[in-house]
Amino acid sequence: MLDKNGIAKRIAKEIRDGYYVNLGIGIPTLVANYIPEGINVVLQSENGLLGMGPFPFEGEEDADLINAGKQTITTLAGSSIFDSAMSFGMIRSQKIDLTILGAMEVSENGDIANWKIPGKMVKGMGGAMDLVASAKNIIVAMQHVNKAGESKLLTQCSLPLTGVNCIKKVVTELAVLDILPEGGFKLLERAPGVSVDYIKQATSGKLVVADDVPEMILD
Amino acid sequence: MINKVVSGADEAIRDIGDGKTIMLGGFGLCGIPENCISALVKKGVKDLICISNNAGVDDFGIGLMLKKHQVKKMISSYVGENAEFERQLLSGELEVELIPQGTLATRCMAAGYGMPAIFTPAGVGTEVAEGKEIRNFNGKDYLMEYAFDADFALVKAWKGDKAGNLVFRSTSRNFNPVMAMAGKITIAEVEELVEPGELDPDHIHTPGVYVHRIFQGSDYEKRIEQRTVRTKN
Amino acid sequence: MLDKNGIAKRIAKEIRDGYYVNLGIGIPTLVANYIPEGINVVLQSENGLLGMGPFPFEGEEDADLINAGKQTITTLAGSSIFDSAMSFGMIRSQKIDLTILGAMEVSENGDIANWKIPGKMVKGMGGAMDLVASAKNIIVAMQHVNKAGESKLLTQCSLPLTGVNCIKKVVTELAVLDILPEGGFKLLERAPGVSVDYIKQATSGKLVVADDVPEMILD
Amino acid sequence: MINKVVSGADEAIRDIGDGKTIMLGGFGLCGIPENCISALVKKGVKDLICISNNAGVDDFGIGLMLKKHQVKKMISSYVGENAEFERQLLSGELEVELIPQGTLATRCMAAGYGMPAIFTPAGVGTEVAEGKEIRNFNGKDYLMEYAFDADFALVKAWKGDKAGNLVFRSTSRNFNPVMAMAGKITIAEVEELVEPGELDPDHIHTPGVYVHRIFQGSDYEKRIEQRTVRTKN
């Protein structure tokens, strides 16, 4: 079973050289720490930055330079700044190669719910609806089951949707799964030490399992 | 060149009355029109409809206006870093319309570019689409979203000249340029007000034609919401 | 009767302090020479400039700095440069206070034709259709009659239209005329030495004449 | 940062084949991709559909491609500073679609911003409106115009870095940034190619994400179409 950093590490392996990538808040942010050597990626922050760098050194924080999570960050050589309309313009026109974000629920047809729980204070969708509606390649990083032990990989989402038919891949602490065009979670890889049966039990939506499901290779 | 300078925030917002729709630039607390917000709080204007990506925090930004019950409705993409906001929302004192961030930005741009409506796929198949026209282009569904109609836009720039030209600094640019284009009356506060000619025409982000009033602000706090750092070595 | 400079001079009197103005090619360009002292205007050039300055001094031409007529020009203190989408964005959102352009024909309901003569090589509408469709205040600068002696102020345009119901005022070598909301050219001023009868004869569309039509005051 | 540098115009346009739709930046002869045009002429590629505000003059710009009969169709707002153009048009060799300049610019922007269609009042009531959907918003009619779908965009910038970021100089900016956003493959030629980090992030007009190939051009002629000057005293 993977911890959060393990999930991030596994997702980092999906990143190809030359990708422009948008990372959501939470586990996705950690992915930046595991991008393989020799792989050049440019991180987009939807508040208006391409080429997001690491956190600043203490004392060098700049209130004018933050990411979409409102964290102080830095720029890199080759960074560019733009306004919010252009930022979502490039998202909408699919110039971003990969979007990685968290989810509360994902359904077997690629729907995602990650912004609203009825009865709870709703903070808003931020840029998530724009991202999932437009991104050509979306990977969800999340826990396989919620705190109540219920599967987050469902036949149908029960929570209000963020987007429909848009998620291509899910990486959890248990598994890597592709969402098939015809519907269903195709189990691609097991986390180290996790059995197919365990994943079956933790998956409420349709799970498609091949004869041989390899264990993830993380390094 | 036309001189658009006013003496300060109080004069700039003099005619923002109760019930007006105002846009406020900024993302989180980054690039917000601090001086204009203070002046609105001082003026005590009420029942405002505020279009802003976020709603500030309890003791800063739009949170200061919320505390004084000046806001009737927020149109935002992400709110609630703010206990008072949550209280007013749950008690029904405050109305909130949540819209996708890209839709928010593009509806501003649409106003500034004279386009009455735009199409975006954001929100298709979700509750955001309820009651909206859906249209299919090349096999993909889009929502038709309307340009905003705001009485005033309050923006914060780094530098500005007396002709109203604005230059933003780093990610404090965010929603400011698109809102500057979208206000019927656009008020810009700047950290440094310079003479026309001091800004390179090629570096101007918002041409002066979009800005009606400009002043040099003061006492910028520029608060940081999430101070994330690394240590040397 | 006015010459071209006279027409430009008369139109210049319509310009108010603080106006943003777009000047078309031909007579409208001349208007810039007659803007009264103490009146600050900013000239927009739709290829992407606010704050158009005079022609450069000989030897100081810059191939990268031209106006919509492709002439070498200069910038002024306070000028700004932008791309074509923003240029027409500000035109469409009516940030330009006054548009002055030439015409082949204007009709009594404010239609304008100025881009195409059937049977002749058509060069295109350039930015004219955008300007007339969006400008809140449009003044046409043109000759009252064409080279064949026919009136250019008509009941209906005979040439392909550039825009409908958009022209507010026409200034010719003979007269200043407003286009009435209900239709018709209201004669406001006569050019020096030109009689109302002369203007009546030169106007094919509906002309509305008050009892007393003053002569233009040009200085 | 990702390195997008190619050796020159020949390599940059290597896969522009017959019948492709290409956008070419520039206004008149100002800011045109001179090197790419030369390379296309040299390559002899045919039946091109060219989206460009103008069509060059007889012996420069797109005129050079016209002379070699490489252009099947021009989509422009203003043409015909060019005798060969007129000859081909009248003889039926060349097809021309004339559209309003603002519509041209906004259809580029729409492509770059992922908006399948936009609304503009330009052309309502004229032959430009024929066959197009008309829609009324707030009492005013607008035409629905579609985003362009171009295989390649060829743009010319003043400076660019190896990550593809572009900075334009003065009014040679014109259509270049909107076309840079709109090409499926965007090729930028620049007068000066610099290392990533040499351009101020706040001054970049076109972020590198929109640019696929970049090279430092050479032998820029930068011809002036209408040399208008005044004399000192």
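Per-chain numbering from 1; labels A, B, C and D assigned in written order.
One rule holds in what follows: contacts are C-beta pairs under 8 Å (C-beta built on N, C-alpha and C of every residue); 3 or more make two chains touch, one makes a residue touch a chain.
Listed by chain with UniProt protein names: A, C = 3-oxoacid CoA-transferase subunit B; B, D = 3-oxoacid CoA-transferase subunit A.
Just so we're clear, the structure is a prediction, and the values are computed from it rather than from any experiment.
Novice: Give the label of the chain whose average Cα location is farthest from that of chain D.
Specialist: Most remote chain from chain D, centroid-wise, comes out as A.
Novice: Determine the centre-to-centre distance between chain A and chain B, using the mean Cα coordinates as centres, and give it in whole Å.
Specialist: 28
Novice: Would you mind pulling out the distance in Å between where the CA atoms of chain A average out and where those of chain D do?
Specialist: About 36 Å, centre to centre.
Novice: What whole-number Å value describes the gap between the mean CA coordinates of chain B and chain D?
Specialist: Measuring from centre to centre gives 33 Å for this pair.
Novice: Which whole number of Å gives the spacing of the CA centres of chain A and chain C?
Specialist: 56
Novice: Could you pull out the residues of chain B that touch at least 2 other chains?
Specialist: Residue numbers touching two or more other chains: 106, 113-115, 120, 168-170, 173, 201-202.
Novice: Going by the contact rule already set, what residues in chain A reach two or more other chains?
Specialist: Those would be 49, 75, 81-82, 85, 88-89, 91-92, 134.
Novice: Dump the list of chain pairs that touch, please.
Specialist: Listed in label order, the chain pairs in contact are A-B, A-D, B-C, B-D, C-D.
Novice: Mind listing the chain A positions that touch chain B in their complex?
Specialist: 45-49, 54-73, 75, 81-85, 87-89, 91-92, 111, 121-130, 133-134, 160-165
Novice: Show which residues of chain D lie in contact with chain B when the two form their complex.
Specialist: 106, 113-120, 137-138, 140, 142, 146, 167-170, 173, 201-203
Novice: List the residues on chain B that touch chain A in their complex, please.
Specialist: Listed in rising order, the residues of chain B that touch chain A are 27-31, 53, 76-80, 86, 89-90, 98-106, 108-109, 120-128, 158, 168-178, 205, 222-232.
Novice: Show which residues of chain A lie in contact with chain D when the two form their complex.
Specialist: The contact residues of chain A facing chain D are 17-18, 20, 40, 42, 44, 49-51, 75-82, 85-86, 88-96, 134.
Novice: In their complex, what parts of chain D are in touch with chain A?
Specialist: So the residues of chain D in touch with chain A come to 1-3, 111-115, 161-163, 165, 181, 195-197, 201-202, 204, 207-210.
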